[in-house]
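Following are the structures in question.
Common to both upcoming complexes is subunit A, partnered first by subunit B, then by subunit C.
Let's turn to the complex of A and B:
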């Protein structure tokens, strides 16, 4: 009885509240926690340690911050860092602009809308490596279809992937071609969700379709813009597969990004160095993306 | 009635199946299964298949399955990972020299020092598969190779050129070929590894001038950027680029394009290792006689000699479950019959490293051009990667840059020295 009263008095208020929040006992989370711990937390912590060692799969020596010093001293690493940021900016910028324009086009009353929507989305479904290999063939400086087409028009096409000043941008363009479908779909969802009342009111006021776009569509699909920017920016920062399939960071080191530099160190057997590189990449993404997310979300709140 | 007969038929069928399973089970129990891991590539696979076929004919109780892996640094990683996780095939083919040292041979490979067939393996090969503790861990797989320059004989005849003995003569030939409106030097940076040849194949010229370079390099005393002879390799690459001798699509062309171009006369020179002879024989057999070979010329005609690459080795990992059978196969590969099987499958590409192995009389010109360097009075020496355990992994990117005119030779050499330092530290060598 005493116990009953005690719980009744002391624990009555919080206990039902907790029960309402989670009807399952805590150990239900255990399997997920174990998997997460073994497959994610453990390797992450281990990699922090191994980034401070020189190891070769069989044994390791502790060398402090030498790997980080070495990694930051790599002459192609600075270039890789700059390339990574350029690549992320170019791809996310183009995806926002083209994605929005395509979405506006594909939500308007045009012929074969459903077909065109699937055409725009189709490249997203194709394997990245397959896309990379295909475009490598198309972009061959003398036998590629792109330059042969240009030659018919009397233009001598550039070496898309072999000109060191151009290689990174060629890969970025292919990335945009492949990824713009996803941005378009996000934008279509955002635009479709805008209530029709605004457009009707605007039409009564005599707004042109450009004004409609500028003052209704653009501001009201900001959540979609935020999602597209963040997704494509993070994707651009850690991009690897497309670059590796198309140029392997070449010619020389001209289109190296942080991820491809890391992979090359790993291939060469510099496991400590490449682990240190991953830690650097982790910090880089966090430093660039966390403030970006906060900035974009704050603006959204003010609207 | 129908039901019964169906049941009988079913019973008969299952009994038959069981009998068959039992039979195959028994057959498997008698024979030993081995796996043999090789790098992929049409010519290599053909040689391996011929070797396995001849071996199985002589040893019907042993059955060998061939597995392939990617080549290059991807393959290096795969081999290291499979060794480290005890999942390596029973026998595998892998590079000798510096790459062999990087897979920790003393820990992972079976010691083959005291096998009877080692008596017939030439000492120059044993050196490059010897672990740091002095034990021999492999057998030669393939023929010795030269690193130098393939040339198209038809173009040489047409323009009346002769084989260059010095770099200046080579460049003079190139100018004549260019003036005739042809591609003088083929480069194929679509496969980045092919860009290293001008630097690596120049090593005989380095060692001729400076015999102590390899040991001082291993000790961290000699550097590519500061050693005049060593820097020449990078400079030669830059000179060839600056003279505008390359094919128009050198940045995107691949190794397969390169061998086609030199065989078909679309280009006059292609710097390459002589294993390409096998590839030319396989892909363009009717053009094989158009292709000749010479060593990369140095600055002094009297010191003209060939930089030699040792072939891959085959090794047995300590984790094999059929050591005796695996050793039998290795012994077969290192025997005269083994050499003959290799010649049957891939043609002759150079001298074998097993005593008693001979080449057929009708070898292609690219091979017969190479033999004088090995004969009495000829000069040859091993490539740097067989004299020193250090080879920087970024060399191929650096040589692409130098060969594309992105980076000057001296800069490239200095950058490579940095790369070499990392590798030496990773190997834990003293003095770095």
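Let's turn to the complex of A and C:
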């Protein structure tokens, strides 16, 4: 009898206590949820409404899809849209190819590996605006160091940032210069994770180093490739600071991207149009990146 | 691969990497040593004399010691936002990894959305003005926290998955409150990934240009990246000063790189591969 009541008491008491003291309290989410919800989610949702308004310092009027229509009608706004996609394709493509080649080189039996890895990676950490200003000086058509260097080799260098057909690609090249270190580091992590047995077996079968690369390294570092593509593609679509530091979207509108258009429209006081630019960029990223992610991950599953 | 071929490949790699990656930095440093007249040539040459100190003094004192103010602002911004980021992200990562509820799917969706969606600029400014945080340093801190959370949470959650649950349970049995379980048992164990988080996010916040440009206008609030932008037009003909400024603001990332190279590489690859 006494034993029964004792176990009864002992069994009843901890239960509510346990429930109260869940070791993983929900309020741990609160600080992050409040900051993220108010400062990121709320403006994002609000942008859907404001993109449908004519909005300035004083008032906002609902005008339906006029802002988006304007985005698809005005030649310089369409230019920004196309440029954004070109820029993302060029930078992510080059980062994949160069990052992979550098990673293969830097995981091989080469000398000064540590030094080379550091040198390639360091630009990732440097201020984008600083890099932009430096390369603007280096890319000067007549006095820049790049064209003077090319002249020594007997090549007449192009007008990197002043030629409207070239400006966007010049900025993209600098983006690759600054960002290829990250791609390389991701690829190195992928390559190092490949079991050595594969190479050992291939060596016994008499495979050349090119065959090694094509049939072992390339397919087995696919997760790294997926990461590099998606990361640099999103980064390319959102890019603003480098373009702003180097060309301000110029010459004319030749190197404008959606992000620089957003800033220009904001400065000009067209808040509705600027916000529509934000929504356009959001849609662009969703439309391009989500299918891309699914495609890349599906192929991975098939192998 | 023969020894000779490997040797030549190394030599070529060192030379090419030197020209492509080191020459631009050498140009920055050399120009910072020059006087205005020589720097105007914008060529790759040895400085005629050592003007580094006078350049530094001039850059720092320009516009009422703006660069000094900016360094103080950037330091406050970086330290405050990274501190909050680390604590809040670790808390979320812990509970998110440990407790499976029906909200987990939604939370994970929101985290991925935060990594992809570009922040809506003007509505954010409108909101900041509404709550009186626009153009304020503490408002900027909260913005950096909001934008940095998804990445930090992903880093933390992945690391927490490697810490056995039995540890939490042992602490509970010993009578620890949930608060203590996390802050006194778990958080100290997260130190490696905390270092990674601190390093990666510090570099990101310190180098952030776009967000202070939008949300933190005004000379009194300038961050170091904005001084560069402001001086770009003012120093149009004084390349020595412009590049002295670039050299000065490159020092903090360089120090981080020298001391935390391994953590930063680990963090960026881990976050990237899992994200």
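As a convention for this text, the second predicted complex is superposed on the first by the 275 of 303 C-alpha atoms of A that agree within 3 Å, B and C clash if a C-alpha of one lies under 4 Å from a C-alpha of the other, contacts with A are read in each partner's own complex, and residues count from 1 in each chain.
Everything below uses one rule, namely that contacts are C-beta pairs under 8 Å (C-beta built on N, C-alpha and C of every residue); 3 or more make two chains touch, one makes a residue touch a chain.
What you see is a predicted model; the values in this text were computed from it and never measured.
By the touch definition at the top of the document, which applies to A:133: first (subunit B), second (subunit C), both, or neither?
Touch partner of A:133: subunit C, not subunit B.
According to the stated criteria, A:266 is in contact with first (subunit B), second (subunit C), both, or neither; which is it?
Both partners.
Please work out whether A:221 is in contact with subunit B alone, subunit C alone, both, or neither, and reply first, second, both or neither.
Neither subunit B nor subunit C is touched by A:221.
If we overlay the two complexes on their shared chain A, which of subunit B and subunit C does A:243 touch? Say first, second, both or neither.
Touch partners of A:243: none, neither subunit B nor subunit C.
Regarding the shared-chain residue A:286, is it in contact with subunit B (first), subunit C (second), both, or neither?
A:286: touches subunit C, not subunit B.
On the A-aligned overlay, A:141 touches which partner chain: subunit B = first, subunit C = second, or both, or neither?
first
Scan A:110 for contacts with subunit B and subunit C and give back first, second, both or neither.
After superposition on chain A, A:110 lies in contact with subunit C alone.
Where does A:100 make contact in the superposed view: on subunit B (first), on subunit C (second), on both, or on neither?
Neither partner.
Look at the residues of subunit A and decide whether subunit B or subunit C touches more of them.
On the superposition, C touches more of the residues of subunit A.
Considering only the touch criterion stated at the top, classify A:252 as touching first (subunit B), second (subunit C), both, or neither.
It touches subunit B, and subunit C stays clear.
List the residues of subunit A that touch subunit B in one complex and subunit C in the other.
In subunit A, residues 140, 143, 266 are touched by subunit B and also by subunit C.
Per the contact definition, I'd like the list of subunit A residues that touch subunit B in the complex.
My answer: residues 54, 56-58, 61, 70, 75-76, 140-143, 159, 161-164, 248-254, 264, 266-270, 273.
Would you mind writing out the residues of subunit B in touch with subunit A in their complex?
Against subunit A, subunit B makes touches at 73-74, 76-77, 80-81, 84, 102, 104, 107, 189, 192, 248-249, 251-252, 393-394, 397-398, 400-401, 404, 406-407, 415, 418, 422-423, 425-426, 428.
For the complex, which residues does subunit A have touching subunit C?
For subunit A paired with subunit C, touching residues are 21-26, 28-29, 31-32, 35-36, 38-44, 46-47, 50, 55, 105, 108-112, 115-116, 118-131, 133-135, 137-138, 140, 143-145, 148, 177, 182, 185-186, 189-190, 209, 223-224, 227, 231, 234, 238, 240-241, 245, 259, 262-263, 266, 271, 274-275, 278-279, 281-282, 285-286, 289.
Residues of subunit C touching subunit A in their complex?
Listed in rising order, the residues are 1, 6-7, 9-10, 13-14, 17-18, 20-24, 27-28, 41-44, 84, 87-89, 91-92, 94-96, 98-99, 107, 110, 114-124, 126-128, 131, 142-143, 145-147, 149, 153, 168-169, 171-172, 177-179, 181-182, 203, 207, 209-210, 213-214, 224-225, 228-229, 232, 239, 242-243, 246, 249-250, 253-254, 256-257, 261, 264-265, 268-269, 272-273, 275.
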